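Take a look at the structures listed below.
Both complexes below contain chain A, partnered by chain B and then by chain C.
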Partner chain A sequence: MVAPTKTKVEQNDGVAVLRFEGDITSVSEDAVLGKYQKLPENTSKVVLDFSKVPYLNSSGIALVIQLMIAANKSSRTVACFGLSAHFVKVFKMLGLAKYTTIYDNESAARAAGA
Partner chain B sequence: MQSACPGVAPRWIGQWHAALPAMVLVFAGMACAQNALYIDLSGDWRITSDDRPEFAAPGFDDHAWGTFRLPAGSSPYRLRCWLRRTVELPASADRTQLALTVGVMRDVYEVYVNGVRIGASGNFESFADAQIPRPRTFDIPADAAEVTGPVAIALRSRWALNMPPMWRIQDAGPFVLASRNVAPRQAGTIQLQEQWIANSPGLVFGAVFAVLGMVGLFFWTADRKRIELLWFAAAGFARAISAYYRCSLLLTDSFPFVAAGFPRLEMFVGNFYQPMAATLALTAFGRKSARWYAALWVGYIVPMAIATSRPQIQPLPAYRFHAASFDLAHLWPPAVAMTVVLRNWWSTRRQHLLHLVLSLLLLNFGQDWFRRLIALVGRAEFLITNSQRIGAVWVLRDDVLLLFLSAVTLALLQRRLTADSRERLRLSGEMEAARVVQQLLISKTPARESIDAVYEPAQEVGGDFYQVIPVADGSQLIAAGDVSGKGLKAAMVVSLVTGAIRNRQSDAPGAILGELNRVLCESLDGGFVTAVIARLFGDGHVVLASAGHPPPYLEGCEVSLPEGLPLGIDAAAQYQETSLPMTAPQQMTFVSDGVIEAANAKGELFGFERTRHISTKPAKEIAAAARAWGQNDDITVVTVRRAAS
Partner chain C sequence: MRNSGRIACSGFLPAAAPAIFSITPGPPWRTSSGGARQTDDMTALHLRRMAAAAKGETAIKDGPITTELRLPSRLGFEKVAMSTAATVAELMGFSQDRIEDLKTAVAESCINAIEHGNHLDEELSVVVTLTMDSKALEVCVRDHGPRRAPGGARARYRPQDARRGERAGNGMFLIQALVDEVEYVSEQAGSCARLVIRLKAEGAQGA
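== the complex of A and B ==
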């Protein structure tokens, strides 16, 4: 049985950090899209923390892409950090540069575009 | 009181209590015939509720005590008491060969003759060696009866608090002081046989509950996901142990080696019947929240631990506290289970028959629940009988009702199991048909190039696909892709994609991906499709375009392709083409993410580097390596080796 993904949300000055914990799979809709949809209107930047995510399968990546598209439509910038080298490559392979920028660490992700 | 010599006595036939007077006469007659001593001690005895050792002494003055008639007297002193009787012996009596027979008493007791303890029934400090109330004959040691003077008989008695109702029979005789050779020793044996007969239904019910438990266990082995069958089996076994506990006095009295600890075993195992049956109700209705189970078992185990931690013999207030804990432990599981059943009934309105039967099962708990509640509010005694004497045997009403309800519950659970099995069989057939159709859709006969492919879905049907399509100009199109997600939904998207590829408007890889993207943007509701399309020309060059799919490998090197969004996300997405030479006998290998993201037991991925390293091997070897690492997604490998022209 797949353990549910946990998401901790931190908000400060229009920047929301979504800290995911656990694998992101097809059962993670509430943890990914659900949490995103509850962000306040004045959120201008969304930072996704994948440092406690060991694995994303294709359904999980689809959820992340939906989040990025929704943010893109709301003119919000999306920054990612904490991805393993494998998933950095997967994200680039998927052409997600159109929707997000991948950073090495949290401070760089928070600082970018500030 | 000395007996008169009654002459020839009638033979005893029938109930033991009816036969006892006849037996007394038989033994008295024998005594007369052999000039042996036979003194009937029935009648008034002295009694006190105090408990002091000097009451056993022969010279103790008991004239201030009250009187109590044996047998079948009704004593106001039920907790503890002493009974005394002094007997004058004839001068001719052989005081070295005396025996004392104490008739049926409901109580635990010790027997003293002239201050010497000559025996006991049960134990004053523990219930572990409790015994059935029945006549017992104790040989009086030669030194106890002394040479001359009266014989002082004293019985120290305590009410047997743990005595189940079926053992609470009327006090009866014989009470006799006699020569050993004529003492009515057979009276106890006869009554033990009667008790075996009287309690045989309990033993039979115990065996039947155990059989029901085994049947439940057997059904569970057919489908281990049906955990309610396991709980049904556990409840059956617990009920069987409980049934045998009710006969524990019979067992311990007849077979002394099973004596120690049997009642305690019942406390821990036999009483688990109720929480087990309540858990059966929770699992039968698919209650998955761990909180319900935790609440049920913690609410049962904590008060039960308090109840069973008590010393066996204790002051009444402490006894009442522990008895109340025992009752609370039994109140809780039916309350939790009934709440779940009622909620489920209200919310789903399904499985009416199962609801009805389980409700009746729980209502039977409810009867016990109500009984215990009254006992808890009113007084701490919980030994309220539900046993029924039918002719020569005792039957528990609960046993009859529970056996019926358990059998019906098992039948309903088995019916559900059969329905599940049929449904699984039907789905399996449909999935097999879908698998065959999908294989037909994705597998095309390789043409001129040496093309090899392996497709291993993680489930019956998969979300990967590949197509090898000859083009009119002599080139070959190779398409490989992966639909996000698994199962039938992904398989249906595969059908859509393969159909769109076959009906393409263009043979250019980038244009084909563009067409597919537009189709999928209109069709997909969430999710995406990754794909890579290669067109192999006869002149030795290859044109590739990728939509987020893992790049192919050419002779062990990863082919660098422009990033491309997966299909079905953005209808305006463009897919760039890359052209590169591929000479004979080079091999190009296409893999799905099922190879790259195969994960071992530690969660370590197979990864890009290992995939690149084995990418020159045949498709079957690459797929086998990924599968051996740990398959958790569909695996597709397509290899193309350029043939020499």
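== the complex of A and C ==
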């Protein structure tokens, strides 16, 4: 019933883009944390693409928070884009602004801090 | 199916409690019962009211209208409640951002009921009752578990509390933050999370 999340990973010059596709829920651990944990050590920036994520619930957001906390501990920058206005609000309400910056589009997310 | 006034969509779920959808004009405690003619009359009345609401005539003069869903305790089915709540809220004239707030709050309440109330037992149903009137939409999410009071979850929630496999109170926090009123009620056979969003708040926000 709950479709698995797919994640495509693109890496270039220390920047990793994780492109999520599908709902992010409690069953998305491998797609979120699993993919993050496999990034090479020289990754300095992680860009999260939510443009193909129609539904995030609190369990899924908890996984994203864990990813962001792990990235912050490794001194990696985290940038997000592709979130709907509602989920931008939800991310801010849940305090994720402490761990990431949310951008309107991919080019802005990639360019930030470069 | 016709006599009960309910549309069951359980064909793809042989082992699960069926998802059932019904609409009942009148107070929330009334249930659709009786013969096909009564059901047809009630459906016609309901459709007239919905048509009036769709034209922007959101005032519901003849009392509240109730829509009820019966969901199996399987994760993913909260999306059925989300889309139904969104449709009802749209008919009432809520703005899109308030509808998105409602969808998230309803989804989180259903997930709580499925996981913590019914412990993912698919033989147990989660019953979602949506009651609309001229001022507000009330959503009650009922399960078979004991009452789970939020107990200040809003104040306690911190992002760094998120741990593997746990939602760390962020679901409760979101429910409280996204709707106008939340109440957790113990009932004889379980518990109910009651959420309210008001059209008055809509006007206050200039929507």
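Some points to look at:
The rule we apply is simple: the second predicted complex is superposed on the first by the 114 of 114 C-alpha atoms of A that agree within 3 Å, B and C clash if a C-alpha of one lies under 4 Å from a C-alpha of the other, contacts with A are read in each partner's own complex, and residues count from 1 in each chain.
Criterion: a contact is a pair of C-beta atoms (placed from the backbone, for glycine too) under 8 Å apart; a residue touches a chain by one contact, two chains touch by 3 or more.
It should be emphasised that the depicted structure is a prediction, and the values quoted were computed from it without experimental measurement.
When both complexes are overlaid on chain A, chain B and chain C end up clashing with each other.
Touch criterion met: A:93 reaches chain B and chain C at once. Once the two complexes are laid over each other on the shared chain, residue contacts for A:58 go to chain B and to chain C alike. Applying the stated contact rule after C-alpha superposition, one finds that A:66 touches each of chain B and chain C.
Annotation: chain B segment clashing with chain C after superposition, chosen from 294-302, 366-374, 420-428 or 456-464, is 456-464.
The contact surfaces that chain B and chain C form on chain A in the two complexes overlap at residues 26, 55, 57-59, 61-62, 65-66, 69, 86, 90, 93-96, 98.
Residues 74-79, 97, 100-101, 104, 107-108, 111, 157-160, 162-168, 170-171, 173-174, 177 of chain C are the ones that touch chain A when the two sit in their complex.
Interface residues of chain B facing chain A in the complex, by the touch rule stated above, are 463, 482, 484-486, 526-528, 530, 546, 548-551, 563-566, 569-570, 573, 593, 597, 599, 603, 605, 607-608, 632-633.
Against chain B, in their complex, chain A makes its touches with residues 26, 54-55, 57-59, 61-63, 65-66, 69, 86, 89-90, 92-98.
Residues 1-2, 25-27, 29, 33, 55, 57-59, 61-62, 65-66, 69, 84-86, 90, 93-96, 98-99 of chain A are the ones touching chain C in the complex.
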